[in-house]
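What follows is a group of structures, each given as C-alpha cells.
In what comes next, subunit A is part of two complexes: it sits with subunit B in the first one and with subunit C in the second one.
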Partner chain A sequence: MRKIIAVFVMFLVVGSVALLSACAPKQKAPSVIKFGSAMSLTGKYAREGKFYKDGYLLWEKKINKAGGIKVNGKAYKVKVIIYDDESNPAKSQKLYEKLVTSDKVNFLLGPYSSGITIPDSSIAERYKIPMIEGGGASGKIFSRGYKYIFGTLPAAGNYFKNTIEMLHMMAYTGKNSAKTIEVVHSDSAFDNAVAAGAVRWVKAFGLKLTGVQEYPSGSNDLSSVLTKIKKSNPDVVLVAGHTHDALLFIKQAKENKVNTKLMAFTVGVQAVDFRQSLGNDANYAVGVTPWLASMNFKGAVFGTASEFAKTFKAAYGYAPDYHAASAVAGALAFQSAITKANSLDPKKVRDALASLDLKTMYGEVKFQANGQIAKGQAVIQVQNGKAYAVFPKQIAQKELLYPAPSWDKR
Partner chain B sequence: MNKVLKYVFLAIIAVLIATVPLYSGAFITRFLIGVILYAIMAEGWNVIAGYTGYPSFGNVVFFGLGAYVTALCMINFHTPFILSLIFSSIAGALFAIIIGIPILRLKGHYFAIVTLGIGETMMAITFNVPFTGTGAGLSLPLASNPNLFYYVSLIVLVIFIVFLKFILSGRLGYGMIAVREDEDAAKMMGIDTVAVKIKAFAISGFFTAIAGGIYAYWSTFIDPPTVYDPVMSIKMIIMTVFGGAGTLLGPVAGAFIIIFLSDFLSTHFTILHTFFFGGLIVMTAIFLPKGLMDVLSQKGIGWKYFIENIRKHRV
Partner chain C sequence: MFELQIIINGLLLGGLYALMAIGMSLIWGVTNVVNLAHGALIMLGAYTTFWLFKLLHLDPFISLAASFAVLFVFGFLIQKYIINFVIRAKMFITLLLTFGLDILITNVAQTAWTSNFRQTSPSYASNGFSYGIITVPYVRLAAFAISIALVFALYLFLKKTKTGQAIRAVSQDIDAARLMGINVANTFAVTFGIGAGLAGVAGSMIGVLIPITPHMGEILTLKSFVIALIGGLGTIFGPLVGGLFLGLVETFGSFHLGAKYADVIVFGILVATLIIKPTGILGKNNE
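Let's look at the complex of A and B:
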C-alpha cells in the first residue's frame, strides 16, 4: 500500500509539472524575440561550447543596446536562452524540444559538433522552426532534405580543398613542390567527412595519396599513427581532429622525429591558446579557418573582423576564434532575415534566410539550397607565433613557408 | 475496503500514465520517453546485477547493438519499426548468450572488468566495420508521430515488469536469487547455476536492446560514441541502486527521480548542476545504500534509520 501511494505521489508530481507547463501564463503581446540554444557547457565539448555561448550573448547585448530588432514598425528586444546539453545528443534534443514547446522560443540557434547537430536538426524540422547552427559542418546535416536547418560553417568535405589546391599550384610552378599526401583523421562523424572530402580533392588535383589513417576520438597516444607516417614518408600530412589531437600530434611528431614538409590541421591552429601551449613548435603548422580577426571582412552591427575581435575581447577577456565568429554570423543572419521578412513567422523568416545575401564581419553569409553556407576555408600558417592567411592569394597576408625545417634545425 | 481503494488508485494511475501524450506537451512526453527507456535499461541491469548478483558494467553494449540492428534493418531493408525492434531484441538476447557462456564464469570485479571491456570492444568494431557507417554514423527517417515512441516504450516496460514478476515467482527467479546469495550453495542444492545466469543475462540483453532500437528511431541519428557511451552503463547502475537493486519497481523509480533531478538542476543551474547532482549521489550512497524502495518498506522513518545505515556500512 505504501508503495502504491508512493507511485501515486510520484505521478502527481509529473502531472502537476505537465499541467504547469500546459497552462504557463501566455505572454501577452510579447515585445521580445526569443532565441534558444542547447550548448555544450559541460562535458567533452565544453571548451568550444563556451565560445558559442559567449558569441550568442555578445550579440544579444549588442542588439538590445542598439534598440533591438524592428518588425512592422515595432521594436523588439532580443532574448537568448541557453541550456547545457552536457555534450550529449539525447539531452540536446530534449532541451530543444523544451525550448520550442515550453519556452516557446521564436527561433533556434544551433548546438556544437556535427554528432549533436544531426539529431537536433530533426526537432527544427518537426516543428518547422528555423535553426541556424554555427557548430556542425558535416554534410550529413544538410543531406536529409530538411528545410529549416542552416549552417554557417563551410562544408566538411571542403575543409582541405584550398590547402590541396595550394599544394597543387605549388606543384604547377615547379619549385618546392609537394607531391605525396597522407590523410589522418579521428573516427568522429565530422572528421570522417573531412577526410573523405580531402581524399576526393587529392585525387581531383592529381596529387598522390600515400595512405589514410584513422585513430579513435579522444586518443591520448598517436605514436602508432606517426610510426606509419615515418614509414610512408609523405611530403604533407593532413590531420582532421579536434584541438587536443592537433596538440598531441605536433608534440609526438617532435618526440618521434617525424619530419614532413608540411602539417595541416582542421582545428587548433586558429586558436591563440594552441599557439601558446606549443610555443616555438607551433611554427610552420598549417591550418584552415573560415575566419581570422585579421581578414578584411566587414558588415553592419560589429564592423570589421578586427573590430569584432576587439569588442569580444573587451567583453570576455579572451580573443575570439572562428567558432565565436560563426556563432555571431548565424545570429546576424537571423536578425537580417527577420528584418527582411518584416515578420516573426517562422516560415517567412525561413524563406528570407534561404535567399539571404549578407555582408558580415564573418564574410559573406549566403546559404546554398541545402542550407549550408557557400563559403571557403582560408589556409593559414603559424609564423613566429602568429597565424597569417597564406592562401587564397586575394586574402593572403604572407607567403607560405615551405618546406618546414626538420625538428632538430628549429 | 482497503483493497478496493488500492485497485481504484491503480486504475487511475494506469489511465493517467497511458494517456500522457494526449494532455501534456511534447516536452513532457519526450522527458517521459527518456525516463521509460532508462527504466527499461535499469530494470535490465537489475535482472543480472540486482537479482543474480553479477554487476555488469557494460550493459550499454546491448543498447548499442539494439540501436544498430534497428537502424540497419530500417535503412537497408525498410522493415517496419516494430519488426526491427523484434530483430534487435533477438540480437540482444543472442549476443548475451554468446558472451555470457565464457564471461559468466567470472565472479565479482573480474566479471565487472570484462563487461566494461566488451562495451568498448563493440564500439571499436562498429567504428571499423563499413556497413555500420563507421564513425560517420547512421541517419534514420523522421517518424511521422513522435507519440508513437511513448506508447511503444511504455508497453515494452510494462511487459518487462509483468514478465519479471512472473519469472521471480518461478523456478528461474528463485534460482537467480540463490546464485546471488551463495552460488556454491545453490550449485550444491542442484540448481543449474550456469543456465540460470545465462538466462538472466539474456533477459537483460533482450530488453536493453529494445530500448536501444527505440532510441535509434526516436533520435533519428546514431553514431558509436553515443550509443556505446559507457556513461550510460553507469547511469543504469546509479538509477537501480538509487531506487533499490533487487526490487521490482526500484529501477523505475530510480530512473524517474534521477532524470527528473538531473534535468531540473541543469535547466536552473547551467554550470553548477554537475556539482549538485554529484553531491546528491554521494549523499544517497551514504544515507540510503539500500535504495528508495527500502525506505518505503520501513515502518516509520526517523534519524535512527539513517544512522543505522551509516553504522552498518561503516562509512
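Let's look at the complex of A and C:
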C-alpha cells in the first residue's frame, strides 16, 4: 500500500510539474489574430526567455487596449500563445508544429537562442507562415534561402565589428594602442558565428590575432583558457559567450590576475544583474548592444526608447534590455506589415515584411534580402556601475576608459 | 611556470569537484539511490549562503554551517517522507523520483528567486596569493582544504560513532542490520540528510566562485555523478581521489588540447573507467 501511495505521490509531483509548464489556454474566439511562440521559460535560457515573453505580452496588452489591429475595416484583437520549450531545441520544434497544426496560429514569433531558432525556422518555411524572431542572430538562420524567417537581432558575424573598428581607430591615436587581440568563444552555434566574424574583422582592420580559443558552452571553469591568455598576453580579449560565461570569465580573470587592457563581451554587459552580481569588478568591461533605453529611437506605438523602458518597468518591475526591445520590435513589425498588407494571408504579410521600413523604439526595422535586420551594434562600457555607449561617436555618451587598470589597482 | 599554474589550477578545481561529489557518493553508496537532485541541493546551498550574505552580511565561511543544517533537514525529510517509500523498488523508480524532485526544486527556486544571476561576493572573493605569475585564489584554496577536512571528518564519523556504524551496517546488508536492531528507515534518512548537507556546503563555496542561478545544478549533478563513479562507489576517499584526478586531467587537457575538449576528456575518462575498472579507482573488484 505504501508503495502504491508513494508511486502515486511521485506521479502527482512529476505530473503537476509537467502540467504547470505545458498548459496554456486554448481559445477559439472570433476576430482574433493568433501569434504563437515557444519560449525558454525554464532551463538554461529561462532568464532571457522571460524577457521575450514579457516583451510579447506587453505588446499584446498595449495593442488590445488600443483596439487591436484593423484589417479590411474590421478590428482584430491579438492573442499571443506562448509555450515553454524548456530550453530544448527538439521540444521547441514540436511546440511550433503544434502551434501551426493544432492551435492554427496566424503568425509565429520566434524562440530564444540561435541553436533553437535554426531548426524552428524550418517549420515556418515548411508551412509558409512568417516567423519574426528576436532571439537568434547566427547567420545560419538566414543563409538557407528561406523566405518566411525574419530576425530583429543584428548579424552574429558583425557583433564585434564596431568594437574592432573602435580598437582599429585607437591604434592611430598613438597613446592608446591596441594591436593584438585574442578571441574566446563557446561552442554554441551563435558564438561560433560571432567568433568567425570577429576573426574576419580583426584581419580586415589590420590588427593582430594572438589566438582563438573555444570552450564548451556552460562551462564552469575557464582557468585553462585564462592561463593561455596570460601566456599569449594580448592587448584585448573578445569573449563570445552567454551571460554566465561572461560573469565567470571576469571572476576567473581576477582570480588568475589576467590583466588585459580591455575585455569585451557579446552578451551580459548590458544586463543589470550582470553588474549587480560582479559589483566593482564589472567596471571597464566592454559589451555590445543593439539597443539602450538612452538611445535616440522613436516609434508610433511605444514612443521613444526611454518611454518604452518606463512602460516596461511599470508593468514588470524590472528594466528591459535589448532582448525585450528586440522581441517587441518583431511584434511591431508584424503589426505594421498586417496593416500594410491589409490581409491576414501569410504570403501577403510576408511580402509586406520584406519591404517594411518601420521606425520603432528599437530603431529602424528594415529587413535585408535574407530576412535579417539591417542594424548595427553600439559598443558600451561599464563605468562606475552603469553601462554607457562609447562608440560609434554619434551616439557615444562617454569616452572609452582605456586601458583598464590591472586588478590590484582597482 | 605555466605548467605549475596549470597543476595548481587542476588541484584546486579537483578539490571543488570532490566537495561536490562527497554527498552524492555517500548517498549512492549507502542507499543505492542515484540522487539526480544532487545539483539542485547544491544550488539550494548556494542560495542559502547568498541570502545570508546579502541580507545578514554573514560571511560565507560562517554560513557553511547554516547551509549544512538547512540542507540536512531538507534531505532528511525528503528521504524519510518520499524516497523511503520506494527505496526497495527498482533503481529506475528512484531515478525517476529524484529526477522529478530535481525539476520541482529547480522550478520552485526559479519562481521564488527568478533566473537572474547572483553571486556571493565577499570583499576577498577573487583575491589570492601570487608569486611571480603563479596565483592561488583564497576561496578556492579554502574550498580545497574544506573538502579534505570533510572527507576525513566523514571517515571518522562512519568509523567511530554509533550512527556512522549503523550507516555502514545498513549499506552492507539491510536485513542483517535490521536484525541487529537498527532502524533502517531512519538511518537512510540520516544518510540522505548528511549527503544533502554536504551538497549544501559545496553550494556555499560554489556560490562564491561561479554564478548562481536556479539551473546551475543540472551540470553539477552530471559532474558529481562522473566523479563519484570514477572515484569508486561506496568508498569514503573515492570522491577525493576521483575529484582531484578529474580536475587535474581536465585542466591539463584543456590547456594543451584546447578547452573545447574539456567535456570529451571528462566523459572519455568516465567511459574508460567503466571499461577498465567499473568499480572506480578505489572500488573493490568483487562488487
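What we mean here is this: the second predicted complex is superposed on the first by the 381 of 410 C-alpha atoms of A that agree within 3 Å, B and C clash if a C-alpha of one lies under 4 Å from a C-alpha of the other, contacts with A are read in each partner's own complex, and residues count from 1 in each chain.
We take it that a contact is a pair of C-beta atoms (placed from the backbone, for glycine too) under 8 Å apart; a residue touches a chain by one contact, two chains touch by 3 or more.
A quick note: this is a predicted structure, and the numbers were derived from the prediction, not measured.
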Touching partner for A:Asp54 - first (subunit B), second (subunit C), both, neither: neither
First, second, both or neither for A:Ser223, with subunit B first and subunit C second: second
Subunit B versus subunit C as contact partner of A:Lys257, first or second or both or neither: second
Subunit B versus subunit C as contact partner of A:Asp321, first or second or both or neither: neither
Partner chain in contact with A:Leu247 - subunit B first, subunit C second, else both or neither: second
Which superposed partner A:Asp235 touches (first subunit B, second subunit C, both, neither): neither
Touching partner for A:Glu182 - first (subunit B), second (subunit C), both, neither: neither
Which superposed partner A:Gly115 touches (first subunit B, second subunit C, both, neither): first
First, second, both or neither for A:Phe274, with subunit B first and subunit C second: second
Subunit B/subunit C common contact set on subunit A: 2-3, 5-7, 10, 13-14, 17, 21, 42, 187, 214, 216
Subunit A residues touching subunit B - in the complex, by the definition given at the top: 1-8, 10-11, 13-15, 17-19, 21-22, 41-42, 82-84, 86, 88-91, 93-95, 97-98, 100-102, 115, 118-119, 122, 125-126, 138, 140, 143-144, 186-189, 191-193, 214, 216-217
Of subunit A, residues touching subunit C in the complex: 2-3, 5-7, 9-10, 13-14, 17, 20-21, 42-44, 46-47, 50, 187, 213-216, 218-225, 227-228, 230-231, 243-244, 247-248, 251-252, 254-257, 271, 273-274, 277-279, 281, 407
Subunit C to subunit A touching residues, read off their complex: 2, 5-6, 9, 13, 82, 85-86, 89, 93, 96-97, 99-101, 103-104, 106-107, 110, 114-119, 121, 125-128, 130, 133, 135, 137, 140, 209-215, 218-220, 223, 250-251, 254-255, 258-260, 262-263
Subunit B residues touching subunit A - in the complex, by the definition given at the top: 2, 6, 9-10, 12-13, 16-17, 20, 23-28, 30-32, 34, 124, 127-128, 134-137, 139, 142, 146, 215, 219-221, 223-226, 229, 249, 253, 256-257, 260, 263, 266-267, 270-271, 273-274, 293, 296-297
